[in-house]
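Two complexes are shown next, each including subunit A; its partner changes from subunit B in the first to subunit C in the second.
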Partner chain A sequence: MSDTGINVLRIRLNDPPQLRDETTTPTVSRGESTQSPVREIALDTRGPHAFARVIDIDRLYEAVPGTSSQIVRALELLKQVSDFLVEAQKSDNAMDADRFVQRVQLALPRLFAYRSTGDGFGVIINSLHFAFSNLHGTPLTPDQLNVIWRVLRELRARPAMSLEQAIQRVEELEECGLEVDPPNIGDVLEGAESAQDE
Partner chain B sequence: MSDAYVETTVLTDILLKPKTPKHDRAKAALARYENTLLPVYSIKEWKAGPLDYFAYLHDKLVVTHSLRDTFQALSALRRGSYRQSTAIEGLTAAATVSMRYGGLGETDAEQADSYRLALESLIIRSWRKRRKITTQVVDDLPCYSEVEPRVGKDGLLDLKPQLCERDQECCLGPRLKLEPRVLEALRNAIPENSSRKEDQKRRKALKRLIKHPKEIVNRDTCRDLGDAIFAFFCPRTAVVLTTNLRDHQPLANSIGKRAESP
Partner chain C sequence: MPSSLTFDDFKPFSVTCELRYKNAFLIYDRTGNVIEELRESFTDINVSTAGPQQTAFASEEGTFNIEIGTCRFTSDMADKSAETFAEHCKAFFDAVADQLRISVFTRIGIRYILRKEFKTEDESKAALASMMLVNLKPTKRFNSSDSPTEVLFRWEDSQTGAFVRLKADTVEIKLSVPPELQKDVPKVDKKIYALTLDIDYYTVASVEREQWNCEEWLPQKFRVIRKEVDGILQGGGR
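== the complex of A and B ==
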């Protein structure tokens, strides 16, 4: 999480004893949860919550078999798209990389269905949709791929991120050359202006 | 090469019309000048005009949850104020385009939400970019606070303040009143028989400044002066850069200045 601007100290637990479950959610097997393979305790080393334990997002929203929590499904889907992007980054040819990116693009409408998570979530998914639309199928550059991966990874860590935080991420998408606005949004204003000129 | 004194229409084209020829022209025009000057008056007009229009559109989407109803509402609003025209058809066409190339989701409600989020994002990002598009921001308005648009708890956008402080003389007032002959020339450049409301208001505001120099210039007069402010404050070494040459050219020329289109 160091790249998110939060200063955290992580303590790795290779073969961890059972952590006390402060979320009181039932324990489930690793295969059924959305958690990362490496368990660790993160301690915030700055601010009013310095050295308070940072609860990993997968632990906070552990998937309980049979449950259908929106946020858990959103996290699972974000994990999938994140994995696709990692695969795209690893690909040694552009066509293979683009195949993985196409899967990400196709997952966006499903992710958009979870926009009730918050406007921050909705703004990022929506911006990515328009970014892909405006590319008209042109494959992402490696830089764009990295930025999208980083933004989605952060969204997964903080699905309820604020609008303010989301706008900053969208600005990062813009900085790497992605056009994140609806292609026809200026036309709407044009229509209004010409009506006023009458 | 002279400097560019950037007027509201150019600011709008750059900030709110991404991926349009107007946006590209405005960007290219700015690159032609060594110094590009953005007066804060442009920011004020932009926030109270085009940005406010987008905020209205956003809020209508919040209330109706429908892209179709929102555009119909806009058309109805226009019909109330203006005669049915090709412009309205243009607006309706924009709505059709929006439906066809719109955002995420298949239903009207989903499309509306996608558009709402896009507007929310564009409004806030464009606000943050406003002071970065020119080489300098000039002619600060101490009586006007630049406050970032925010989304309220009800989901509606709050763009206040859009006007200057109420109980304070317009900071431009004393400078304007120092040059009555310039004000007179600007007034004479506006056709006396113009049927346009903005022309009538501008002439009236200029007349008031000329005839009553001791009177306090309030925020309404400042707003009504509109285009005349650009001609008046544009430095001699600069041109007023605007897409609205029809209004700015005569004003600038009347006092020996120039207006150019991007």
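== the complex of A and C ==
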């Protein structure tokens, strides 16, 4: 059995006439405009059907003078680190190259402090930290240098990288011969693997 | 003389964050999943409109809207910080992007609407005129008012854009009560004279999901809005 229907009070705002391109909001009550049948030129220069040009990361998170933003600082530091790696790649002298790489290594703990930027951010920085530790001072090969530079550049372009994407990047680091697990964890895993084999 | 108004003189009315994306056809199958996922993060979710292409629902924290090519969260911002708003947005947008498998946003926009109330319509118009945002002599045009009652500026390049709109508004609130409820519900017939400040800050270029950290982006954009609006109100018009 259902109750007799009653009037329910509803307040509805009229759909406001939209500007050419505005964030829709249910709360604007704008004065009446004369409706125009042609709102936009048919050529799509924006919106879902337009050519998808991806935003520049430095424009997405702009540094605002007088304010402090964690992601802006993280991006600045990532840029510095990438620049060091470029310098190391360019360098003809192995000692100079290694000096630039050491600067990268020193910046990693500061980058780790920005791990809340994204799920994948901490994973990549952490993996790089252990990759450097596991080298025990051995210089990076040109290939390893190139892969680290590419991974960090990718992280700068996509700082909110997902865990899955970060794991793929970490695998790239491993493929070029870098050991990204903490030394003791590596021992444990090796032990577990050999136990399984037996 | 610069206007004496600052951003802080305006009271937040509503704030909306909206994502646009290529038509997400999974909306037909997974809107329910989005709502169920959100029940863990929001209080008393109630669906107000449910349709194949559009679903609207509300909670104590704000109102939500999912459409085939866009989704948005709106809050009144009362007693809430930008960080809290960003937290709510993150929970909502993560659920939508995960369920509808959206990896690229074609536009991200934040629409912030504030009001400063005045006693009369003339006062709100005078406040707008005093800002001298438009370099036009105060004279009757189109046989209508002496000064513009609404001013809109838009800045845009290939990456981001923004508009700021100021309007001397008269908001009429009328609530007609059905006869059977008239003795219990008072009739409402009220006029509010206000200067409405309406800001829309948005991306023009597409944003990959892995670029966008909602909890960082939103508070940063609120700071930019505050700074830029103060600049405009405090003599940016000259």
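Basically, the second predicted complex is superposed on the first by the 134 of 198 C-alpha atoms of A that agree within 3 Å, B and C clash if a C-alpha of one lies under 4 Å from a C-alpha of the other, contacts with A are read in each partner's own complex, and residues count from 1 in each chain.
Just so it is clear, contacts are C-beta pairs under 8 Å (C-beta built on N, C-alpha and C of every residue); 3 or more make two chains touch, one makes a residue touch a chain.
Note that the coordinates shown come from a computational prediction; the quantities given were computed from them, not determined experimentally.
**Q** If we overlay the two complexes on their shared chain A, which of subunit B and subunit C does A:Gln70 touch? Say first, second, both or neither.
**A** The answer is second: A:Gln70 touches subunit C but not subunit B.
**Q** Once the shared chain is lined up, is A:Asn93 touching subunit B (first), subunit C (second), both, or neither of them?
**A** The answer is neither, since A:Asn93 touches no partner chain.
**Q** Would you check which partner chain A:Glu174 touches, where first means subunit B only, second means subunit C only, and both and neither mean what they say?
**A** Only subunit B is touched by A:Glu174; subunit C is not.
**Q** Answer with first, second, both or neither: which of subunit B and subunit C does A:Ala160 touch in the superposed model?
**A** second
**Q** Kindly classify A:Asn184 by the partners it touches after superposition: subunit B alone (first), subunit C alone (second), both, or neither?
**A** After superposing on A, A:Asn184 lies in contact with subunit B but is clear of subunit C.
**Q** Enumerate the residues of subunit A that count as touching subunit B in its complex and touching subunit C in the other.
**A** none
**Q** Looking at the complex, which residues from subunit B come into contact with subunit A?
**A** 12, 16-20, 22-23, 50, 53-54, 57, 74, 78, 82-83, 85-88, 90-91, 93-94, 97-98, 101-106, 110, 113-115, 117-122, 124-125, 128, 151
**Q** For a test of understanding, state which residues of subunit A touch subunit B in their complex under the given definition.
**A** Going by the criterion above, the answer is residues 108-109, 112, 115, 119, 122-123, 125-127, 129-130, 133-134, 163, 166-167, 170-171, 174, 179-198.
**Q** In the complex formed with subunit A, which residues of subunit C make contact?
**A** By the definition above, subunit C touches subunit A via 13-14, 16-18, 20-23, 63, 65, 69-70, 72, 74, 104, 106-107, 109-111, 113, 150, 152, 158-161, 163, 167, 171, 175, 177-178, 180-181, 185, 198, 200, 202-213, 216-217, 219-220, 223-224, 227.
**Q** In the complex formed with subunit C, which residues of subunit A make contact?
**A** Counting only subunit A, the residues touching subunit C are 6-7, 9, 11, 19, 21-31, 46-50, 52-57, 59-62, 64, 66-67, 69-72, 117-118, 120, 157-162, 165.
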